[in-house]
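Next come the structures, one after another.
Next, two complexes with chain A in common: one pairs it with chain B, the other with chain C.
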Partner chain A sequence: MTSISVLKQREKQIYQKGNQPFEMECETKSLAGAVSQRACVFCGSRVVLYPIADALHLIHGPIGCASYTWDIRGAQSSGPELHRMSFSTDLSETDIIYGGEKKLKKALLELIDKYSPKAAFIYCTCIVGIIGDDVDAICRQVEEETGIPVIAVHSEGFKGTKKDGYKAACDALFSLIERNKSPRVTLPDSINIMGEFNIGGETWIIKKYYEAMGVKVVSVITGDGRVDEVMQAGNAALNVVQCSGSVSHLAKQMEEEYGIPFIRVSYFGIEDTSDALYQVAVFFDKNPEILKKTQDLIKEKVQAIIPRLETMKKDLEGKKAAIYVGGAFKAFSLIKALKTLGMEVVLAGSQTGTQEDYKVLRQMCNEGTVILDDSNPLELAKYSVEKDADLFIGGVKERPIAYKMGIGFCDHNHERKIPLVGFEGMVNFAKEVHGTVTSPVWDLVPRRQNLTGKEGAI
Partner chain B sequence: MSLRKHKNTPSYTATQNACKMCTPLGATLVFQGIEGCVPLLHGSQGCSTYMRRYLISHFKEPVDIASSNFTEETAVFGGGANLKLAIENVASQYAPAMIGIATTCLSETIGDDVQLILNSMDNTIKGTALVHVSTPSYTGTHVDGFHGAVAAVVDRFNPVGKRIVYRPKKKKKINLFPGMLSNEDLRHLKDIFEDFNTPVTILPDYSERLEGPSWQEYQAIQKGGTPISAIEKMNVAVHSMEFGAVLALAAENGQETAGDILNKRFGIPCTRLPIPIGVKATDRFLDILSRISGRPVPERYRKEKWRLVDAYVDGNKYVSKKRALIYGEEDFVVSMAGFLAEVGIIPVLCASGGKSKTFKKALEQTLPETLIDQVIIQNDMDFTCMEETAAAMPEDQRPEIIIGNSKGYAMARRLKIPMVRVGFPIHDRVGGARILHVGYKGAQQLFDNIVNTILTAKQTESKIGYSYM
Partner chain C sequence: MLLRHTPKEIKERKVLSVNPAKTCQPIGAMYAGLGIHGCLPHSHGSQGCCAYHRSALTRHYREPVMAATSSFTEGASVFGGQANLLQALLTIFTTYKPDVVAVHTTCLSETIGDDVNQIVKKAYKDGTIPEGKYVVHTSTPSYVGSHVTGFSNMVKSMAVQLAEKTGKSNGKVNIVPGFVEPSDMVEMKRIAGMLGVETILFPDTSGILNGPMTGKFNMYPKGGVSIEELKSTGDSIGSIGLGAWASADAVRALDTQFKVPCQVQDLPIGLLATDRFVDALRTAAGVSVPDTITQERGQLLDVISDMQPHLYGKKVAIAGDPDQVIALTEFLVTMGMKPVHIVTGTPGKAFTKRIKEVTARFGDEINVKGPSDLFHLHQLIKNEPVDLLICNTYGKYIARDEDIPFVRHGFPILDRVGHSYFPTVGYKGGLHFLEKILSALMDRTDRDAPEESFELVE
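Moving on, here comes the complex of A and B:
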């Protein structure tokens, strides 16, 4: 694989444990022409708000941004499914010249009339920032006319990275919560589940755990989300934040404004799920019943899945995995979950990790593990082949990179339809990994056969 | 301006579940069909990533698209520096033969003059050709980006007066601009030309690159695609063929196509014809090909044709007078409608998200007069309007089968109408790029698929569930 060279400007974002001092450059904008796997500000906002199923999500801009994000996430709803529709103002040349405000207002009024949403989010795309539409003003007018919250999400694609999009979404969510004018009452033993998007029904799995523990869930931000429920979020005693990147800004804001403390957790893997539930139980230690129930729950669940995991572990022991995900927090969990399955991580990277994140990653990984920030297809191919990975964990854009080189693949992005959280999710994860890694198709692919000469000359 | 709304179709300000993609997507697909070419979008990072995702989900192959990665400063001060940096980085990472640069709504609106920037670089970098196409997302659809990119590439490599010395060969070379077809379609077309013993340059040809083998070593740029050397020789062909009934009418109305450029500059005649789907359209294609190549239609195609007609006969009563809703790119819908009409299916709703002025006319020219008043023709239409139009039809006029890409699945599911997947994109099945539409062989597969879908629905609904037809 010497044929793939790495761009000079990107060298500081690639670290191979053991062979150089650790100084990861990160949290920078992507290098032009590097073919980053990142998306944009709009994407960040869209993924956070998307699961709110009874809200109208109107994308203000030309059609592409709406087309490419139509029904592409496995965020399930137990009721309304308005979030699975794709609404766009579909701006045309004349709108660009004369402004899109009138069209936006007309579109909004029509859609609100037709679908009776509980709130409306208006996503500003690149061009809106350039033509200078006063989207906030339109939102105010429409909110007044319709009586539902109408909130602008300032997610112009070029105004930063996906992380800035998370922040814009958090601002929109906070603005929604602020619209609840009833006095806040802190409910005892209550939490908000945050940064959990109900991919494949994951929220429901976690909610059941908390119910069994005797902890009340006030709202979920934003899995299987409802506008009214989100607006109650100020009444929780604790914010339990998963996927720290996406909603930590909101958690901080709620701590500052409402005094609601937050903890960071992950529900991927046995270790992290147990740890998450224990952390919550310990927080509510005034009610010892909760800790007792939590212990029972975890014991019961773990016992139920261990035999199944052990069976699969036999086949996976010693296999090597590459991980490339959006937020580094998920990578931590995956490393632990893979360890449970007897697997070793040889490549770990993220689109949006921080200095702190990468330090943790470095400690968790073995010597020689490649750590990457804001990587691209060529680097991912180069290192996963060099490290001889048997498995790649990523999203749609990483899948063909792995498959082309005869590497198994597990989808751990928002497109997936299978729940991977909690104890049940760990079994699903193990089945996914086991299924792909032990597939007989690898015996046929040229790289695995080490073909040379004519037969393998591709 | 698109068609006036049909009296029975609802009209909304917002687009709801669009039946189209944005302009640059079409251009990036064309660039994937040129050997050694890397597409580069001049705009925000998200545009590239979203389009990559969209294309990967259909082709299930790596699709690298670079971005000039706009920031706030870029948007204020112009994107020239970012574009240059992006070009340099793509060149050093991929060592491509060409970088295809498409604009986005953002770079177009701030008024970046990409051509001027490229001119300042002599339109090359380290031997890599830089080719630009203007694709503002707020004009047209992905189809316009597609045709625009084909024209831009032909324009660039066939400049005025730079005719390669023509040495007449026995074999007459033909240019084919097929439009947006599947990989399998492109492969079948190549086979047809080979069987005619006639060399062809197909532009674009992503059939190898976006459906390649399993690798021994990672390929920065997949093998395959139309070689630039072949594109440079398009001006010595004896003839150009351009598929697309709507495109043909648009060209009559003054839209400059790739075929036009070669015709105006080098006097190469250009024949425009509908995408050859079905017996009649394939007959026409092969007749024209026979005429301009001076070679008879090979025996195997005559066999394929009569086998197909025999299959039409065997299945006629299962499809006759069945009503279909079809959608997709305008040219695709027109040719599909022609095929359905020849087997007896009435395409009661022909819809597209495209915005040409010639969609209706093209369909009127394609469908028999006796059928046309039973057909609602509507472009600039989204899936929500399609669904509402279909649902509002009286029961004896409502579609019984839906034919189109994956994006109509939600509609089909709600309407409880069986669906046949064709066209682009196919995101919910494997093998989308392997669906064959063109030629007798394509019609055979479409016909079997449609008949079997109707039979399956009948069998599933039946209380008895016979195991014979």
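Moving on, here comes the complex of A and C:
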């Protein structure tokens, strides 16, 4: 495995702490031919808007884009579940030649008539950008005819990376918020929870904290989302933004246009969750009740989980973890959370980190930690084995690679089934990490037998 | 009720696909490419396509799935993707060092009109493709056909682009297995082996997508058809294409260009179709059927007879790829079951005709539709309930809503294991599949039985 070579052009996107001056190349387009783990613009837009459960999500393009994104992300809804259906214009050869506008309009009218959604999002795929359908015009016509917001999402796959897709989704969301013509009234002690998608019911955990603190949640963008709620988002006093990239563009726009300030937070791990809640409490310091309630809440929650974490920490102390996630912001939280469990991070990487992000990562990590931007399976495998990781944290494409090498795995992407946010989530995370790292299965792995020289059970 | 959005009343839809029973061509081509030893599939298009296909295949097989992408940008979409593909081939051959690259296109590269054939020729000429290495390529526009079409196109391309005719017979029979599981490919080879027929089976994903855990990540696992074998297909004594949709084009092309006589058959699922497969091998190679095969056939027939009271008259709904659905339908009919609703997402007029043939004994009582989607299937079931649903994982919504016993079959299966290790083809595979059907039906009988009639012996 040590013989795996690294792509020459990628040398500046890999950094091994301590052995060279820090100059990370990132935010570049992927090298053609690399087995990149990255996705496309459409993917970015789809994941951000998807959780809005009472909206129609119509994918304008050939069938694949709809098939691959049909209910793969467990964004839970407490009510309507229209978002879990897969609607596609299923463009065929004749549509490519003559254009898909008529088909799109007909499909939209039919769907809106049948399902009475509160709004409709139309995702443009690669091909739509090439054949030149005027999706905006169709949306305007249908909006006029049906009276519901009908919004084009300009998510043509080739127009950039997943990050550009986040931006396209933010534009669509802002356009939805702008459709609320009632005068804006800033509600006291109110926030929008942004960049939280209710995977495994995470939004509900966060919401409860704010309720306990006496903070009003105007809307969640977009976890367990509803069109009407999102349209009220302009009335919040503060935007609390989670996740490194996904909705920061919207937060900035709302700051510029409405003067709503925003803070960036993470709800992952004890430290970051507490910090997030404190930041909000401090923002509303005119109401000292909130800070008091926040302190009580955090104290109670932390006390409740510490003993359980300590028990698991005994087994995890000194174990080594590799992290490869979408946004770097998540990596920061993970490093802190793993430290809470006594673990050491030996590899940290992201698909879309910025220069700033990587500087922070570097400061957080120990000597010798490998830092990677837009990595590929070969590099991930090479460094995980070289650094003898006991745990890999990543998404669907990394899972079988980790398992093949006999390394425990924790899904921190959208395929996780249990909530990992907040204090309760920290316990879930610890349980998951503990379960996979201490599994007896890994003792049977040939590589580990070779390392220890012991004969396996088989 | 997840699918509360599905009304009972069926209305003709022309412009919409809801809850598709298919996906797009490139993923089929990628799967086929993985069946060549030492091959890196390459997606000529946006990054997202490749990421989606790899994720979908990874979820289905729970194995690392490697593929590269041309990483199209806005520039490439305007000026053409030649530079991207040449750069990609250079990157791939210098870093990932495959023996062969299997290039497929996407809707994007097809629509902007990239001439991949020309680009590959140039790459051979200027040495971008090193001596002794190969590139096979096929055209897979997403807006035509389905994933099955993409598979078929890539299989045909790997045959005609690599096959040679030396004039000296190799004494072997080519088998194109169709879009089936690696376990099915193993079973086909085992049956041929019992008959003493030497075969070249392509593509062959066994060993690649159902590989053992070795403690190592290997980009090119053991398994797959070799280049030498593919070259030799032009010297074979005959070809058997299993499944008209997935395999006919490849064997017919070898017939036309290299005069290798071909037969196209249904997939060997069930007693009769396996009989025909065995017979085809027997006649192609001029061998006789050994007792071991007769024994296996007798065992399948024995279990069918033993259990026929549980099967007779049971109504079944089936959705999946045409080759699979046709063979399964025949199998069910021969066992006394009644497949009442039959749907495929893949276009092809012959589907309805062939289904009518195998369900002739039921006349017009059978609802068959292709191309259609799972929304339509669900509506059919609402109008005429069934005792059993056979479908890929997406059928689970329908099974849950309508409370129907459910057997997973086809692509993709995202929530169970076994498909890549236990075959459905052949007599043994038939037995395995029958066991799954019986367990589903009988578990339901036990679950629903009132206490007084809940019995120990069935």
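Please note the rule applied: the second predicted complex is superposed on the first by the 450 of 458 C-alpha atoms of A that agree within 3 Å, B and C clash if a C-alpha of one lies under 4 Å from a C-alpha of the other, contacts with A are read in each partner's own complex, and residues count from 1 in each chain.
Note that contacts are C-beta pairs under 8 Å (C-beta built on N, C-alpha and C of every residue); 3 or more make two chains touch, one makes a residue touch a chain.
Note that this is a predicted model, so its numbers are computed, not measured.
On the shared subunit chain A, the superposed partners chain B and chain C overlap sterically.
Of the two partner chains placed around the shared chain by superposition, neither chain B nor chain C is touched by A:V427. Look at A:V360: by the touch rule set out above, it reaches neither chain B nor chain C.
After overlaying the two complexes on the shared chain, residue contacts for A:I306 are found with neither chain B nor chain C. Shared-chain residue A:A212: touches no atom of chain B or chain C. Within the superposed three-chain model, A:I263 lies out of touch with both chain B and chain C [touch as defined at top].
Legend: residue contacts after superposition of the two complexes on their common chain; A:I418 is shown touching neither chain B nor chain C.
In the superposition on chain A, the residues of chain A contacting both chain B and chain C are 1, 5, 7, 9, 29-43, 61-70, 84-93, 95-96, 103, 106-107, 110-111, 114, 125-127, 129-131, 157-161, 377-378, 381, 385, 396-397, 399-401, 403-406, 445-447.
Chain A meets chain C in the complex at residues 1, 5, 7, 9, 29-43, 61-70, 81-82, 84-93, 95-96, 103-104, 106-107, 110-111, 114-115, 125-127, 129-131, 157-161, 377-378, 381, 385, 396-397, 399-401, 403-406, 445-450. Residues 12-18, 20-25, 40, 43-54, 56-57, 60-72, 74-75, 82-83, 85-90, 92-94, 104-106, 109-110, 136-139, 141, 212-220, 223, 384, 407, 410 of chain B are the ones touching chain A in the complex. Those residues of chain A lying in contact with chain B across their complex are 1, 3-5, 7, 9, 29-43, 58, 61-72, 84-93, 95-96, 103, 106-107, 110-111, 114, 125-127, 129-131, 157-161, 376-378, 381-382, 385, 396-397, 399-401, 403-406, 444-447, 451, 456-458.
Every residue of chain C that touches chain A in the complex is listed here, in rising order: 2-5, 7, 13-20, 22-27, 40, 42, 45-56, 58-59, 61-74, 76-77, 84-85, 87-92, 95-96, 106-108, 111-112, 141-144, 146, 213-219, 345, 375, 394.
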